[in-house]
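The chains carry the letters A, B and C, assigned in the order they are written, with residues numbered from 1 in each.
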Amino acid sequence: MNVKHLIDLETLTTGELMEVIELANAIKADPSAYAECCRGKILATLFYEPSTRTQMSFKTAMLRLGGSVIGFDNPQNSSVSKGESLKDTITVVGGYADIIAIRHSMEGTAKAASLYSAAPVINAGDGGHLHPTQTLTDVVTLYHEKGTLDNMCIGLCGDLKNGRTVHSLIKTMSHFKGNRFVLISTPELTVPQYVKDVMNASGCRYSEAASLAEAMPMLDVLYMTRIQRERFKSLEEYEKQKGVFVLDREKMQLAKPDMKILHPLPRVDEITEEVDYDSRAKYFEQTVYGMYARMALIMKMLENADRKPLPRQFDTHPCRCSNPNCITSTEAYLPKLFRPLGGDMLLCQYCEGRSLI
Amino acid sequence: MNVKHLIDLETLTTGELMEVIELANAIKADPSAYAECCRGKILATLFYEPSTRTQMSFKTAMLRLGGSVIGFDNPQNSSVSKGESLKDTITVVGGYADIIAIRHSMEGTAKAASLYSAAPVINAGDGGHLHPTQTLTDVVTLYHEKGTLDNMCIGLCGDLKNGRTVHSLIKTMSHFKGNRFVLISTPELTVPQYVKDVMNASGCRYSEAASLAEAMPMLDVLYMTRIQRERFKSLEEYEKQKGVFVLDREKMQLAKPDMKILHPLPRVDEITEEVDYDSRAKYFEQTVYGMYARMALIMKMLENADRKPLPRQFDTHPCRCSNPNCITSTEAYLPKLFRPLGGDMLLCQYCEGRSLI
Amino acid sequence: MNVKHLIDLETLTTGELMEVIELANAIKADPSAYAECCRGKILATLFYEPSTRTQMSFKTAMLRLGGSVIGFDNPQNSSVSKGESLKDTITVVGGYADIIAIRHSMEGTAKAASLYSAAPVINAGDGGHLHPTQTLTDVVTLYHEKGTLDNMCIGLCGDLKNGRTVHSLIKTMSHFKGNRFVLISTPELTVPQYVKDVMNASGCRYSEAASLAEAMPMLDVLYMTRIQRERFKSLEEYEKQKGVFVLDREKMQLAKPDMKILHPLPRVDEITEEVDYDSRAKYFEQTVYGMYARMALIMKMLENADRKPLPRQFDTHPCRCSNPNCITSTEAYLPKLFRPLGGDMLLCQYCEGRSLI
């Protein structure tokens, strides 16, 4: 792998991504062969925002490689979070640990951390922005369950507007050939324009569907997510609509016999419990694939971890990012890093938000 | 061991129980011989209700076997507890861990978890219902300290009505021969009828005593527990009575020279601090026996752990359990499992509460 | 090392201290040679008061020696802290763990814990009293960075009145020869008289300075700490004064080229971010030295750990310590231990507070 940190899955080439996926498969086939790979290595899980599930998956991954884990999951009780800058915390933890997984409610935090960390940084979720190890989990699951990442008809159901895992999965799957997407949602909650741009640019076909039932027969994969009640225009609209986005046994009868159901979990009520016993339901196995995916990622990142001196000078820009959820809005010392988009537009290199000069 | 999960100590045969006890003794005699027994294995401690002591004992046990530990102790900060069903959490964690210890304030939770867990489940306390590893700790202590589990006069002092560890200890010790129980409490706080039924059915003698001083001279073992102030009929009654259930140096002078004092801890003021220095006080050593007991249990349960597919169909009953503290009252999808007791009575297989059809 | 517990760094002889420092250096030079030194050993970190940084340093130290860690960081959620005495908690944990690091907001807690612990106890901070592993960190850093602990001009800047790390560093460095101290503070926030007494008794020279700029040119070492706003006499005084105690790039130009800057961290705004990139800034490396210092300390303490029976009788004094922050004020069963100071004065052996008979 040519990158030191994993902030965005898009920074991996398809070849690098396939290497991680193949390694995850190899670990799954013979876990005991990897049980001592990280003996003596320490993973720090810095969870400024609690996420027991993701943290447990990272911990398990490191422990199953023979390594160990430090960290926190409880920012309120953490002296780290009292008045200390992200920079100082990361600088110190980067001296304790061999690799860091960071989660934070502000967008761009993992990128900011990577500027100051001697140890490789994995983005374990930065607000509504990115969650690359979830997408890695999804593609490891797909590859293992379908035997390929090409030529699939992939349904995505639920709140496609706000679902970062949906956007990320589309981006990643559109690097592979022949994939087609079916977007199953209300018109208000369909994917943002930039995601459509991604599909168009890569030549992937996509269509929209207003109900699960309509889309079901053509799908090779169904990626379920939840629509929160408050996303609907009104309670009446919610009551009228909710059923069409809930996966139940009846709708499963419309599906292909080898269709696979994925879900990033936790699930609330968008998949009824009876579906769990359908052999096409893969959302629980998916969490086990996620553990193998994280094992593979940690191994690959430690392989090429160097301890080269960090850059001490950044080309800071006179502008500020206009996204109020960007980490630069709370950590004022961060260098202002932008990529010009043409015209008066700048792309913030932390949160990928756009600002006018 | 013939059972996959340890929900209730009563599901072990006396022979299986003795195997665990003997293994605990063997580990205590030479801990270093067992220091690598669980290398590569992971215990998940899922503490929906905090209990630092019990959790620390489980963790230490697994670490001293060379294994490692994941889990949570802080349900408020846990995304696991936000809207996700127990079933989903257990299904996922059962995919991460090799063995699970679960504690929850609702009765029957460990049983419910066992329906969905690919990994063996240990009940680390389910509300007021059961706490089998405490009882295992108690009998390991007794066996080591007395050299036998037969023919003892066992005093139980304190709140015998609400003390689940007391009920459980009586049940377990009545499987061994020649034991006799002295119940030391107020009439209002004596053991429930079903515990008396157990003693009668097994042919164990028992008697009741209204003060520690009265019972002291005949005891081989004294199992102390606390009576909470609010359990007394009135503050006057409490003030009048409290002294007779407090163990102090004076009362120790009435005891046999080889009597042993046990206590499940934490102790508040029911044993005065001066008694700690009496060589008959075993309640601190008891916690060390508890660690060895849990080591033995984890080893035995991992030995015969299979990963057989879980049952997917349950014979659910049309009735609901009437116990408001039963886990079935909050996790609605759980199959309603009962055992008919004759007449119109049903025994809930989760909480062991009785309901009328 | 001749002491079982490390409550106060002053209980080590200079020779013992140098042994720990040399071992820390040896570990830093070749960490992998020590990666299995504590295999099978367990450290308990009992943090009654959260301090993520210190706890993480202890954990990392033990893990990098191949050992493992139990403990708590969250007293609110801890059943240990509910009604149970410190004595009982320590007695139990001393049976689980091989070594204990304890932090508590009350002064004298580590000393109190050491009375009841079968395992060696390390003081990880007891209120405003002592924090010996911070001072050990400081001297390991100095020794490695300067090559000696003698003949240095050491500046100490900030709130010298309330800073326990400052007092402790002065005490330790005055055991080495030829050191001189420059106290940089407001007159109200200079070191207490007893610290001046220490310097006088050891024959160390010291002087006072009213600003960083004035002291800067003569310093070999600058130990920065923070002055909290509320320590100043008035907001006006604060606004007028604050700049003179802030280290920035300009003041660094006055310093010797081989001066070293230390800081116990977390830093707030008393060192500007630009100084981080000055090669004389050692406060981040200092945390890594702290990890090696704790590794060395744990190794030394486990080497001579015995499990001798604890003393069961103490010569308790009829007087009570008059310090309201002393642990004896909340844990009433603790024996009252004093050292007579002459006249009517007694020195509390827990908190080192003085009481009149």
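Descriptive notes on the structure:
Methods note: a residue touches a chain if its C-beta (ideal position, glycine included) is under 8 Å from a C-beta of that chain, and two chains touch if they have at least 3 such contacts.
Here the structure is a predicted model, which is why all the values come from computation and not from measurement.
Of all residue numbers that take part in the contact between chain B and chain C, under half occur on both sides, making this a different-residue interface. Taking only C-alpha atoms, you rotate chain A by 120 degrees to land it on chain C; that is to the nearest 5. Separating the CA-averaged centres of chain B and chain C is a span of 42 Å. Shown for chain A are the residues that touch two or more other chains, namely 68, 74.
Taken in their complex, chain C has these residues touching chain A: 32, 35, 50-53, 56-57, 59-60, 63-64, 66, 68, 73-74, 76, 265-268, 273, 276-277, 284-285, 287-288, 291.
For chain A in complex with chain C, the residues that touch the partner chain are 40, 42, 44, 68, 70-72, 74, 77-80, 82-84, 87-88, 91-93, 95-97, 312-313, 333.
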